[in-house]
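Here come two complexes built around chain A, the first alongside chain B, the second alongside chain C.
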Partner chain A sequence: MKQKERFWRIALLFLPLAVFGVFVVWPLLDTFYYSFTNWNGFSRDYRFVGLDNFAGVVTDRLFTNATVNTLIWTALAIVLPTAGGLTLALMLDTQVPGAKAFKSVFYLPICLAAVVVGQIWIWIYQPDWGLLNAAITAVTGSPPAFAWLAEPESALYSVIVAWSWQQMGLAMVIFLAGLTSIPTYLLEAAEIEGASRGQRIRHVVLALLRPATVVAVALSVINSLKAFDILFIMTGGGPFHSSDTLAMYMYSESFKKYRIGYGSSISVILFLMTLSVITVYFRQLKKLDELYD
Partner chain B sequence: MTDGATATTPTTPTTPATPATPATPATPRRRRLSGWTGVLLVCLTVLALLFLTPTVGVILSALKSTRDIAFGTLWAIPRTLDLSNFAVALAHPSVKFYFVNTFLVTAPATAGSITLGILAGYVFSKLPFRGSEILFLVIVSGMFFPPQIILIPLFRLFNRLGLLDTLWPMIIVHIAMGIPICTLLMRNFFATVPAALREAAIVEGASEWRVLTGVALPVSLPALAVLGTLQFTWIWNDFLWPLIFTQSDNKRTIMLGIVSLRGQYTVAWGVQGALSLLASLPTLLVFLFFQRYFIAGMTMGAVKG
Partner chain C sequence: MYHSFLFAARRACSTRGTRVPTAIRAGGVILALGLIASLAWASPAGEAAMDSQEVTITHYFGGDLGRAGLEEIFGTFHDQTGVTVVDSPIGHEDFKDGILVRAAGGNLPDVFSYWAGARTQFVVDGGNIAAIDDAWSANGLDAVIATSVADGATMYDGSRYLVPFGYHYAGMFYNAKVMAAAGVTEFPSDWDGFLALCENLKAQGIIPIALGTKNRWPGQFWFDYLLLRTAGPDYRAALMAGDASYTDPEVQRAMELWKELVDAGYFAPNANADEWTDASDKVARGDAAMTLMGTWITGYWNGQDLMAGDDYDFFEFPAIDAGVPNAVVGPVDGWLISANSPNRANAEALVSFLASDAEVQAKWAQIQGALSANVNVDVSTYTPVMQRALEAVGNADTFAFNYDLATTPPAAEFGLDMFSRFMDSPDDYMQHLADTEEGARGVFDSQ
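After this line comes the complex of A and B, so read on.
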């Protein structure tokens, strides 16, 4: 019996573990390895440079710039989609008619490709005939002139707005899932005790939504560390690196400048950042499980 | 409140609105349409319209000529229904390749990742061993890392294997990167199959494979639907891997194709819009038909550890 179980364990796990090991884990270890070398991608001889790449990162102004942009991106990606998603979820978790249709509308952008989302928003920001400038003209009367994606001061934020539009639905469903797990009797009890609508939301709903909030925030952070496609399509990190994030910067260092060793060290840093967020996330999930069990 | 039923059942709007019976399992949170509901409805409608605007923009662009768009009438409702942009997009010699390639990557990669997830998920749920919890966590955490961090080694690996500029790297990488979410969801689903059921079958002489395919899988059809919609959407929409692994035009997938066609000045804006719509059609249809599963998958993948 025991032997049979062991056979099946190995037989069933072999393929998934082999594929995962060869195409995910091993490349990850390889990235660590390259991060200590000065490999350029083609030459046969490269050498170990120890921590030189990581030391280089510290003084690299473009790296600092990309890190700051990633932090800005992450902060806004937490505030805009998460707060927006929470607001939408609170509005939809009432007996409002048509809630289901509204949910679909807010959720729809999630299933669109980054390429398509980028395309749509490039047209919204288009300086001559884009919707945004047209709307500004309609309100102020002055002719439109601002090239949202081509100006260093607005490029990053313009992409973040597009990103938030796409991601808000995800935060919304996470909060909706959290809301359905709040027992109605708690709200009724609060109502009987004379709590106002605002007090009920603040002291009962939001307090009990804390685990869902942690999940939504952690996911925002993780997703912003991944953010690549939409930036690549909308700005390519430009103008003048003004919308470079770490993921974008790593790509251009490795595949445009062929500094594979250096790019790998940026990957390692990105890995460590993600790892720290995941640790917090898994810990909170455990608490969440204990809470509902 | 007699039991915890309310916590798990979502909403049951058919319950008669009898105010003073807290014992009914699902008392509606509010009993009448108040002024609040009206305000909410107005706010939600405005927000929904704002949310739909970008999508409507693409639809409008697909129905207009470059001249119309350049003269600033992109956002006006067209007077006549002009579908020529779609015809031009579909007649473009590369577009056929793009769609065929995308399908040739998406179908096997979706099926492959789910199959491997089933195998691993079964072991983690029904045949746990020492250290299996940790192994499971390691695999699942693969879901959260930026794929870019393994990009260089993968490029090198497929270069050595001589597979660059074929569809294989995309298929293989999507299968590998799909293992975390598929394993997670399948394990959670298999966990609902009672252990006694498996033991009874084993005692009667059935193999683990029989239990997996004959007992566990049939009850896990919803999980398969969830994973099918999720994986299909993600793989179809992917941009990064084709960008790295393909060079020639006839190996590109549709998302990369849209971007590369955009770089050619010969392709009109309206045609790009039409192509974007055509490229989104499969995932939009999947979303509309399997919305329930899609949302369930996104939330489960996000919330359940």
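After this line comes the complex of A and C, so read on.
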């Protein structure tokens, strides 16, 4: 009986492993392979170029630009949704009227597809009739007609705002879950000891929210590193590469300039960056597990 | 073969007999089932299922480019042949990358729309496209396709690959009512006249020109015409082939003329925020007077119930330097058949039908605002505006593919970037030209 059960366990495990192998491991290995070639995507006539693609990356100023943008994107994609989510969670964890409704409203954007969020914000940023410029005009009295997504100085940051708006709900839910696990007697004890509301939040709430913060930050980092769709919809990496992240740049090199080999080398670098972040994340989780065990 | 796999599966499932590690037996079951499935897929029965009475097609003729009309045409083809057209259109901009992603994955549809010129040459070079010389002859396409289009657009490396569906002409399309209200009754044929028209409109508080370079390509018509009207078609062909440099004085002069227009405030602001439809809407609404665009704009405007002649019209891009041959610019839309098409006969029947049926061609020309490549189409079915566009093409010395169809796609990426970059910072045009030359040179040198 035990042997039969073991047989089925392993048999059933083969299916997801096969799917994982075909749809994740195989393409991943293919990407590594193509990163050492000069394949253009269609021609059967391509050759092995060794480390040339990786050497090209080092001197490619557009790659440097995409790397800097990725770092800016990742940094802000950690800070803005996490801080916003925490603020919302702290506000909604009190007995404010309609807190449940507000929670649903703030969580709603995370349920939307990135393309939908992107299109909504394209309309908001539209220079002639968009909501943002209309609001600025209503306040200042003069029409700004600023093209938020068409100016190289503002395009990346405009997309980050849209992204943060969507991701904030996820961070809020994680922090709300964290808040429910904080024993009320600790807060009451701190209050009896004379701690102000600010001190209670800083020294009790935020301290005990550390596990939730690690989860929220790690998810933000991973989500932001693989963010592609919202950038693709809102700017396509433009204008003229000003909002290119590594994922966008990899796409444009591979499928616009038909340099699959070179694009694959960018993919490999991005993969290694993401892998290192995930490694740090799991180590941190392990430490927390040990701490709370 | 089947029996041995079934036997292996049964052996793997059995818990009696020789003791085999559980993991190996479980893996054997999955492996055997997978092999049976793959054999069934690859069997003659599987092939028969693929060679059905259908043909798959992907194209970029979306909602604003005539999708509804194309579906009707596919319905007519089904009625005549019994072959079902499985249609999966993709948005125009997404198509450019999407179809190549499918080509890279060896997953092309039987038939797909494509632009004649360097783009088709690029996919032909990749070995993904079927030559159609036999089908071309068998269906008598020589007799129905205009020679001027057939020679330049369909032949690649000595064989025919592309079947033309229609072609377009880029001209200066304007809002007729805005022009009439501004007292403009004659339209310029030379550069000084064009500058005077822009100045006149601007003085009356009308933005002369709308341009939407968000997707970059609409800027190419300005570059194409300014270069063709000053340096001429031969120089431009050399530049497109990588035999001239973007930093040459000829290209600099074209950019300087463009810059003069931008500096004079003749273009609507924020060109990089608008798509071609946004710029067209500005002209249609009267927020700007004119836009340099292909004849597909007439299909777009007709769809908004604007009347050719009454609401909109066009004039040819003015001459600049005397003695330079008169070239017109535009794309040729056509159909390609995948080299691995499992429905090859149906695919050939479909593309031949789309090109050779005069009624289909006339209908498509009306819906999309295209000029038909079929010589049997009655010219009187065109609107007066399209009849004049046809005349303009007929009177030209040369029909040139627009920029992103004239130079190889990887090099075109750099030029397309330059057009939108230029609209953002025209003062830096020399730097933009140097960057474009560096990028394009890298592409040509690597070929």
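As a convention for this text, the second predicted complex is superposed on the first by the 281 of 293 C-alpha atoms of A that agree within 3 Å, B and C clash if a C-alpha of one lies under 4 Å from a C-alpha of the other, contacts with A are read in each partner's own complex, and residues count from 1 in each chain.
By our rule, contacts are C-beta pairs under 8 Å (C-beta built on N, C-alpha and C of every residue); 3 or more make two chains touch, one makes a residue touch a chain.
These numbers were taken from a predicted model, which means no experiment stands behind them.
For the composite obtained by superposing both complexes on chain A, the positions of chain B and chain C are in clash. When the shared chain is aligned, no partner comes close enough to touch A:L209: not chain B, not chain C.
Judged by the touch definition given at the top, the superposed model places A:D30 against chain B, while chain C stays out of reach.
Greater residue coverage of chain A by touch, when chain B is weighed against chain C, goes to B.
Of the two partner chains, neither chain B nor chain C is touched by A:V217. Of the two partner chains placed around the shared chain by superposition, chain C is the only one that A:Q3 touches, whereas chain B remains out of contact. In the overlay built on the shared chain, the residue A:L15 is in contact with chain B and with chain C. Of the two partner chains, neither chain B nor chain C is touched by A:V57. Of the two partner chains, neither chain B nor chain C is touched by A:L156. Within the superposed three-chain model, A:F240 lies in touch with chain C and out of touch with chain B [touch as defined at top].
In the superposed pair of complexes, A:I260 makes contact with chain B and with chain C alike.
On chain A, the patch touched by chain B and the patch touched by chain C overlap at residues 4, 8, 15, 41, 128, 251, 255, 260. Chain contact summary for the complex, chain B toward chain A: residues 1, 4, 6-8, 10-11, 13, 22, 26-30, 33, 36-37, 40-41, 43-44, 47-48, 51-55, 57-58, 61, 69-75, 116-117, 119-120, 122-123, 127, 129, 137, 139, 141-142, 144-154, 156-157, 172-173, 175-177, 179, 183, 202, 207-209, 212, 233, 236-240, 243-244, 255-256, 258-259, 262, 269, 272-273, 276, 279-280, 283-284, 286-287, 291, 294-295, 298-299, 302-305.
On chain A, the positions that touch chain B within their shared complex are 1, 4-5, 8-9, 12-13, 15-17, 19-20, 22-24, 26-28, 30-31, 34, 41, 88, 91-92, 94-98, 102, 104-117, 119-121, 123-124, 128-129, 131, 134, 165, 170, 173-174, 177, 180-185, 187-188, 197, 212, 215, 219, 222, 225-226, 228-229, 232-233, 247, 250-251, 254-255, 260, 263-264, 267-268, 270-271, 274, 277-278, 281-282, 285-286, 288-289. Interface residues of chain A facing chain C in the complex, by the touch rule stated above, are 3-4, 6-8, 10-11, 14-15, 18, 38, 40-44, 126-128, 145, 147, 149-152, 238-241, 251-252, 255-260. The part of chain C that touches chain A in the complex is made up of residues 15, 22-23, 25-27, 29-30, 34, 96-97, 100-101, 103-104, 122-123, 125-128, 214, 216, 269-273, 409-410, 413, 417, 420-421, 424, 443, 446.
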